[in-house]
Amino acid sequence: MKRRRLIAMGMLVILATGLGLRGLLALTARAQTNPPLPIVAKPAPAQPVAGLPSDPHLDTTPPRATKGLDLVKMGWTYDCMECHRIVEVKWHRDRVRVEHEGITLQHGNNRFCLNCHNSTNMNAFVDYDGSAIAQQDVVLLCAKCHGTTYRDWREGAHGRRNGFWDTARGDQTRLRCIQCHDPHHPKFKALEALPAPSYPRRAAGAAPPAATSEH
Amino acid sequence: MSDASPEPQRLEQALSGVSRRTFLKGTAATMAGMAGLVAALKPLLSLEAGHITMDELLQKHYTQLSPEDLDRIMRKLEQQCERDYKVRPTMRDLKPLDGVEFGYALSLTKCIGCRRCAHACMAENNQSREHDKDIDMSYIRVLELDKGSMNLETADLYYSGEVPKNDKFYMPVQCHQCRESPCTKACPVQATWMEPDGVVVVDYNWCIGCRYCMAACPYDARRFNWKKPTLPESAVNPNQNYLTNRIRPQGVVEKCTFCLHRTREGKYPACLEVCPTGARVFGNLLDPDSEINYILRNKRVYILKEESGTIPKFFYFFD
Amino acid sequence: MQNAKDYLVFLGRVWLLSWRGSRAYYVWMTFLTVLALLGANAWARQFAAGLQNTGMTDQVSWGAYIANFTFLVGVAAAAVMLVIPAYLYKNEAMHKVVIFGEMMAIAVIVMCLLFVTVDLGRPDRFWHLIPPWGRMNWPISMLSWDVIVLNGYLLLNLHICGYLLYMRYLGRTPTRIFYVPFVFIAIVWAISIHTVTAFLYVGLPGRPFWNHPIVAPRFLASAFAAGPALLVLTFQLIRRIHGYWIGDEPLQLLRRIITIALLINLFLLGCELFVEFYSGTYHSVSAKYLWFGLHGHSALVGWIWTALALNVLAAIILMSPVSHRLIFLDLACVFLIVGIWIEKGMGLIVPGFVPTPLGQVVEYQPSRDETLICIGIWAFGALMYTWMLHVAIPILRGDFRARPEGAAGLNPQPVH
């Protein structure tokens, strides 16, 4: 009788030690694989507000008024790690929780949030090797897959530039990828075309049937 | 041989055979004719005083004006603009930059035909308009073409609604600033010429309005002021330049000048600044590191109506 | 000094002679003057309000003015079809009537210059064209060549007619060196005015409807049909109204010239149509618009087929022996003048602009004011020519001479 109780307690102790060791191992292992969290200070805006003060008659607002990270750059103190220090993100989760309701990912073949978002530092993005890409370097993130486009953007063949073509005389501004492309839904919605020219008034005959000029 | 001239010595002999009746008839008829002519030309009185001043009538060609002359003329034009359009502009005459030849490229892959460039051109260049969405005089015409060919016969200027449409692509056309421009060849008075930085300009105070350049242009790039320009106070861009975006007089031709009043300061043209897709690329062709040269080196570039031999500085490209 | 005084007296007498005429003369001249004044009034309105008074647009930026100008330059050039038989082939009968052709050339060239002036957006700046004050873009601009050759032709004809008529008035034999070289220059010059006008259109790479070699030969062929046709009709009017006898010989010679020119014109038209429609390149879209309509726009189709029918009919009449009879010759002339006027005006100028180089189809129709100005200029031309005939015929007949006692009949001198 006494011997059975001893064996049971012994097994419990071994189990507990085993679990404990495992837990410890797990803890230490995580501590070993996680690089130290980078200090993500609030970065200064990477470019000034688009458009020059002397051009009020030209509408140079970027096509996409970006929310989220751009707001961060403009001074919001929103720190993603406030929640994500506690809440873990997982690879297999391809739909967001209630806090990010409204974000659906329709980025073509890019189906996983953590392809871009850094699972350990939610204030940054993630590179191929798991290292962080800072928020202000978001173009490097897009460049992971869209390298040729990134190359064109660097050389001026992709994306609009504003300001001075002659950088010796003034500032030239570029738009970052996410100021035109919504990363969660990059396919552009159709834009309403601005009004057409009118069919010449003095021309003989009526306007062709396809002409739909609006006044 | 020939008879000596038998001229009568006295007027009576000369007029003999002519009755007094004829003389009176003739005088009366001449005076009636004159009166008729004066009456016929009465509409000329409706021209405002100062519509055409003596100075303006006798003004020399732009290239022959001294800097003082030009300055005086520009101040006067500023006054006229204030009187006619209620806005006092600042008029300048920016000179070409050294070592610069402007080039422009437009991506047919990216253009969605939204027409923001055409509207920005109107906002920047002070063309005549009937209402604030009027882009008839815009230097840019955006063509909607059927996919599958470059046949301009399928072009539609008047499309509306959401763009881009699935089976169409879009091609904005503006002055190509040709190196071998038919328009500068055609002009009988040298009112239009190519500046050293490659842009073809018009001296609006020299143009006689014959419109031969408009017949010559293969790109339909030029516009004519069929009447005195009308634009509301709010539409006047006060940053004006003598050869580019000052408000033109009646009866002269105008066209895109690659916004020289901006680009000679180093800025981008207005059409490029508003393009939402970044389809437009502008820069210095003589700078090997410029964006435009990157395009020419690396993209598939297409020249509209290349067979006309115009050798333009405006390129279309595909990504 | 005496010569100058004589000339001034001559001018004064000419002024007086202008007012001496029949009732029909007065009615005709008043009618033309009224039309011309209406045209002047319409032009004054156009000058004040701008060319928005016309039917022209950015897309079709040349219209009725340039169309009439083109046709009339051809008519002016056609005086050479009288000069060549008269001077090169020493045709006596033609020699007597050459001056009427040269006078018509003067009136017609003035009309051409007026048509160009009313077409300008800034006619107050015409001096920009005149060297040394202006900057004429010669030799690159074909329009600068046109200005030179048209004015030169006007001066040539003014000199030749003025000199010969004045000599006749004085009763003197004209000195050959003062007019014969000019006449020969005028032969070449006449061909050049119409070739240069053709080159205005031909030299534009952006307008494939015009940018081909056949335009210039067709211009000349149609000019040498329409101009002499107009002269055939005018000579018969002169016969009837002024009683100045012009024999049938010049008319028959002109008939032969007109026939050949018209046939060449039709042949060249055939060549043009073959190239446009057989090869079927996109460059023939303007021809398609003209002959068959384009995308539902077909305003010119009726006109051009009518012009073709008129020209073919005129050719048939001219080729058949009935055209020896003046009534049929006149009919053929009227047909072909109208046909060629349509063909050179609506059939050449407007289709060059339709469609635009960017494929836009915008049609053109002259406005009321534009039409008034065109009619006014034609009326002014008729006015000038009638007046010139009114003065020249008495001189040629010998009724109006320096010797007021009337040297008519004494030592009649040939005109040249």
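We just call them A, B and C in the order they show up, numbering each chain from 1.
One rule holds for everything that comes next: a contact is a pair of C-beta atoms (placed from the backbone, for glycine too) under 8 Å apart; a residue touches a chain by one contact, two chains touch by 3 or more.
Given the structure is predicted, the values throughout are model-derived calculations rather than measurements.
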Discussion item. Can you tell me which chain is nearest the middle of the complex, judged by mean CA position?
Written reply: B
Item to complete: Have a look at B-C versus A-C and report the one with more C-beta pairs in contact.
Response: B-C
Worksheet item: Where the CA atoms of chain A average out and where those of chain B average out, how many Å apart are those spots?
Response: 47
Discussion item. Suppose each chain is reduced to the average of its Cα coordinates; what separation in Å results between chain A and chain C?
Written reply: 75
Worksheet entry | Interchain centroid distance [CA atoms averaged], chain B/chain C, Å | 32
Worksheet, complete the sentence: Residue ranges of chain A touching at least 2 other chains are 199-200, 202, 208
Worksheet item: chain C: which residues touch two or more other chains?
Response: 52, 54, 56-59
Worksheet entry | chain B, residues touching no fewer than two other chains | 136, 141, 157, 226
Worksheet, complete the sentence: Within the complex, chain B is touched by chain C residues 2-3, 5-6, 9, 12-13, 15-16, 18-20, 33-34, 37-38, 40-41, 44-45, 47-52, 54, 56-59, 61-62, 116, 119-126, 128-129, 134-137, 140-144, 147, 170-173, 200-201, 203-207, 282, 285, 352-353, 355-360, 402-404, 407, 411
Practice prompt. In the complex, go through chain A and note every residue touching chain C.
Written response: 199-200, 202-205, 208-209
Worksheet, complete the sentence: Residue positions on chain C within touch of chain A in the complex are 52, 54-60, 295-297, 299, 361-365, 367
Practice prompt. Spell out the residues on chain A that touch chain B in their complex, using ranges where they run on.
Written response: 51-52, 54-55, 57-60, 63, 152, 155-166, 168-170, 175, 180, 188, 190-200, 202, 207-208, 210-215
Discussion item. If we count contacts the way the header does, which residues on chain B are in touch with chain C in the complex?
Written reply: 1-3, 5-8, 13-18, 22-23, 25-26, 29, 33, 36-37, 39-44, 46-47, 52, 57, 61, 136, 141, 143, 151-155, 157, 173, 182, 185-191, 206-212, 214-220, 222-228, 249-253, 305, 308-310
